[in-house]
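Next come the structures, one after another.
Each of the next two complexes has chain A plus one other chain: chain B in the first, chain C in the second.
For the complex of A and B:
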């Protein structure tokens, strides 16, 4: 297939995955913000939403203060933020339109309908109810789109490239949450100050849509080290780094099988995946959670670059 | 001038024409609300599958729908047979003309066409002189615009020999009509158009370079998704089952054209290019073109790739050359042309110019190199100011213009705001020329001027489209 087609598919799925991620961050943050102050003393939830989902430097160029209104606007609607939900869905559609022939009718209709709907919503005048509906709409689009792909696409290289886009974006998103919130997950003795509590941890779980899953896996009250384990090493958890890398390895291998050739991206993904599979959460904390996550984000970007080099350009 | 209506004949005759009998009954029985519903369903369908058309110079509407009129236009078999034979003859002559112009130039030696008309023409492509193309076919895909004025007469309004568009609408309009009106549809015996993509693919494969060692690799080249016809490009690539490529997907090495794929370079044999000549290769034509592939013309000269249509076909659909088409058909086929040209004054001739200047309010004046309904004067609908403006243009550069009488284009019943009313239509059938001859899909794109009395059917000027039924018996 054309390298450009593969690239468009890869990015199309990165953008829809990112839109979903930003919607979840906003959703969880609204929930946290609605708690009485006594449960959440720092009241910096919008700062932290911004840090997880956005580009803080870019935000500061366009807004003076960090609060619900400005963060909502920046993350959901701003034309200046390339990762705002609106821009993600618009970019997804541009990529989709460029590869119309590689999409099934169901996929095209989902993304095209979403874009048509989005064109009519302005954003700034939404109350919380309407905004909640908007976030629900965004999550539904991603679900519907990914579902259409899963149910209707041929299982060939085109499909495998869509999976690479989803997995690498998802790994990046999960790692970003860890990068911003690592301090609330540190063991008691290592806390980097401030009060933290149960609601911070559950917010993280909600952001990765794992609130219920947590209980099925660990069968005990929410503990920060379990949350870290779930997000990093647990292979059952679809948004964990380990699970994302299993998927990356699998689909890179399938591509290599079709083309009869392996390359740097297969090797790099396999190395990272093997490390994740053999690690224990204590070791991760031993390295320093923050440093560990920082290194992972760099390696994940490196894999993205290798995939591009090997297939997409 | 009496207007010929394709359903009711000439006004006052009181009779319905045979192919429209069922449709007329059906229209009389069908409540307006149903038509309204069907129209919104059609619009929703087009919007959802994303059939859009960009209008240059209209920023708000980079993706606009071409209005689709739900009432089909119907042509009888015996009418179509004549049209079809006429198209075969004309396109055959067009290809022979191009092969001759870029070859021995017998037609110029015979004095049929003034040589300066060719050699000073911006669409005459010097780089093509002496270059052989496979099977001497230059114009693989032609769209010939026809207008009808009475029971017997179809005129050729213009030949589109470069990159005619609209065939996706022919196919999608049929698809929609079948969905919306299954009952009406099945009560007619309608010749299918859905085999067009197969015919096109066979045509493109048949003209692959002869060095071909294997199944030829075909691709469609698009300027990209901001081009007005991008939907059509992607639609065709999809139906053909070939890659839709942009310039950056291709590169040339040692006079061979390759696609950049996830498995490395892949050799290309036939390129159905929807990029104009001048943008095709920045090394040979416009140096600043980013839509082109550097070196592709070299590969073409080396015979390693077939371009469809060939480079330089613009000389054959030029409006000045158009006026010589009857002579061109006769010269190459030895036959009388079956399809007539619209009577045309060449303003380059002094006497014609005088006549045109005296009769501007009654004439349609066209720029020789204009297209899409731009740069044209429709005398009877023009203001005094517009007429005077054209008078100046004409005097300043007469050879840049031709003029034609305002034709009474036929009308078809059309569903508009006031209900079902007659509107003027034209017809663009698509003609394929390959190694195995000429093939014409029975049907084409009917364009309709939605404004009452308007004669401009171009989609860039607010025209719509209709499904076109050719009855098989």
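For the complex of A and C:
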């Protein structure tokens, strides 16, 4: 396969995954913002949504204040933000068109229809209901697209590269949420009866679509260290770092088998995955959650660079 | 190195067994120096096979069966990708503090002769633990003859040292006993080894030791080969001594006497193919 094709497939899936992630952040933040002010005097949820989803510096170049309108506009529609939902889906569609023949008809129709629909959308003059529908639409596109790939693609190197894109983007997204919200997960920040914390923790769970999963796994009230455990080490949880790395290792191994060659990306992914598999959440807190996550994000980016170096350019 | 392992343990019982339980430490864990590509444990009779972890972080399977079987075959197979880390174990599990591995066990408690040997062979210098351990490793390799005849799984470090002979298990016990006597935390490692010397009909699996070296962490020493561990070693389990890392321990109800046969092939899947007939030793 041409490295160009591999690169298009990889980024196509990174972008659709990212669009889904941004939509979930906005959705969870709107829920949090809808709480009565007495729960939260600081009202910084839009700041934290912005930080979770990415580029604060870029935001400041284009907007003066951080509020619901500006953050919604920046994260969902802004042409200046490369990770806005609109730009993610547009980039995904450009990548998809470049490798149209490597995709199945179902996949192409999903992404192309989404793009056509988006062209006609009204942008940020939507009211809350319409915006909610828009987020729902974005999530459906990602689900539909990834589902089509899972159900219809040949299991060859093309499919394996799409899995790499999904997994590395997911790991990055989960780690970013942990990076921005680590302080609400630290044990010492627990305030007795702090209802705000409860809402913060459930918001984190909603952002990674783990609200129901949490109760299945831990069968008790939401506790910060369980939330961290679920997002970092739980192999059953599809967005946990451990699960993303299992998938990365598996698909990098399959790619290595096809091409008959192993390289730095296989080694790096296997090492990180082995660390995740043998760590315990107490050890992660022992190292300092913030430092640990910071290091992980650097390593994950490093893996992205190694994959690009080895296969995509 | 890509190491392919096929390890079959076959039991024949005099009469049908009624029940049995086994604890298997036969599954390697991935760490910076090795990546487990695939691994399977396949018993040939029906039963419960559950995976857990022991206190030191080894992957343990409990196999229990109630059955009228007259024989049992445990087929373990897998592929492990290894890299040469110069013997240094990076990114391994740490569940117990280092000082735990100073603890003497019945198999590794040194007598006077072994203590004298430890001090003399290693020429111990507290500021050069690495050098001391290498000297100890080389001396054990030079003085203790590799011989499968005189020792058994219950042979202690002292007995093996007195005979100046033993299998890799005994050499490792001697190393561990000496290192702990010198105040260096040391542990027993069981695993697989790709023979580079071309010996195929070797009557033993492999075992070696790891010592805690300041500044480096755990470093593997293989006294049976007189080297530090390389990419030819596949680490499976660690323990204070053989009993803590043994591949199979178990008991059964009924069945009378038993005979056990082990068939093991460890080969470099990327290169030349060698096979070994091994018992754990």
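Assume the second predicted complex is superposed on the first by the 305 of 313 C-alpha atoms of A that agree within 3 Å, B and C clash if a C-alpha of one lies under 4 Å from a C-alpha of the other, contacts with A are read in each partner's own complex, and residues count from 1 in each chain.
Assume a residue touches a chain if its C-beta (ideal position, glycine included) is under 8 Å from a C-beta of that chain, and two chains touch if they have at least 3 such contacts.
Treat the numbers as computed from the prediction; the structure is a model and nothing was measured.
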**Item:** Fit-or-clash call for chain B and chain C when the two complexes are aligned on chain A
**Value:** fit
**Complete:** Geometry row: CA centre of chain A as apex, chain B and chain C as ends, angle in degrees (steps of 10) is 110
**Message:** Let me test your reading of the model: by the given contact rule, A:70 touches which partner, first (chain B), second (chain C), both or neither?
**Reply:** neither
**Superposition-derived comparison: chain B or chain C, residues of chain A touched** = B
**Request:** Check whether A:140 is in contact with chain B, with chain C, with both or with neither, and answer first, second, both or neither.
**Result:** neither
**Message:** Looking at A:273 after the superposition, I want to know if it touches chain B, chain C, both of them or none. Which is it: first, second, both, neither?
**Reply:** second
**Asked** Should A:104 be classified as contacting the first partner (chain B), the second (chain C), both, or neither?
**Response** neither
**Request:** Scan A:302 for contacts with chain B and chain C and give back first, second, both or neither.
**Result:** neither
**Request:** Give one of first, second, both or neither to describe whether A:259 is in contact with chain B, with chain C, with both, or with none.
**Result:** first
**Asked** Just chain B (first), just chain C (second), both, or neither: which does A:55 touch?
**Response** neither
**Item:** Smallest distance from any CA atom of chain C to any CA atom of chain B, in Å, after fitting
**Value:** 19
**chain A partner contacts - residues on chain C that touch it in the complex** = 29-32, 35, 37, 57, 81, 83, 91-93
**Item:** Contact set on chain A toward chain C in their complex
**Value:** 249, 253, 262, 266-267, 270-271, 273-275, 277-278
**Request:** Would you pull the chain A residues touching chain B in the complex into a rising list?
**Result:** 1-6, 94, 97-98, 100-101, 105, 108-109, 112-113, 116, 157, 161, 255, 259, 311-313
**Message:** Under the definition above, what is the set of chain B residues touching chain A in their complex?
**Reply:** 47-50, 224-225, 230, 234-235, 237-238, 243-246, 248-249, 259-263
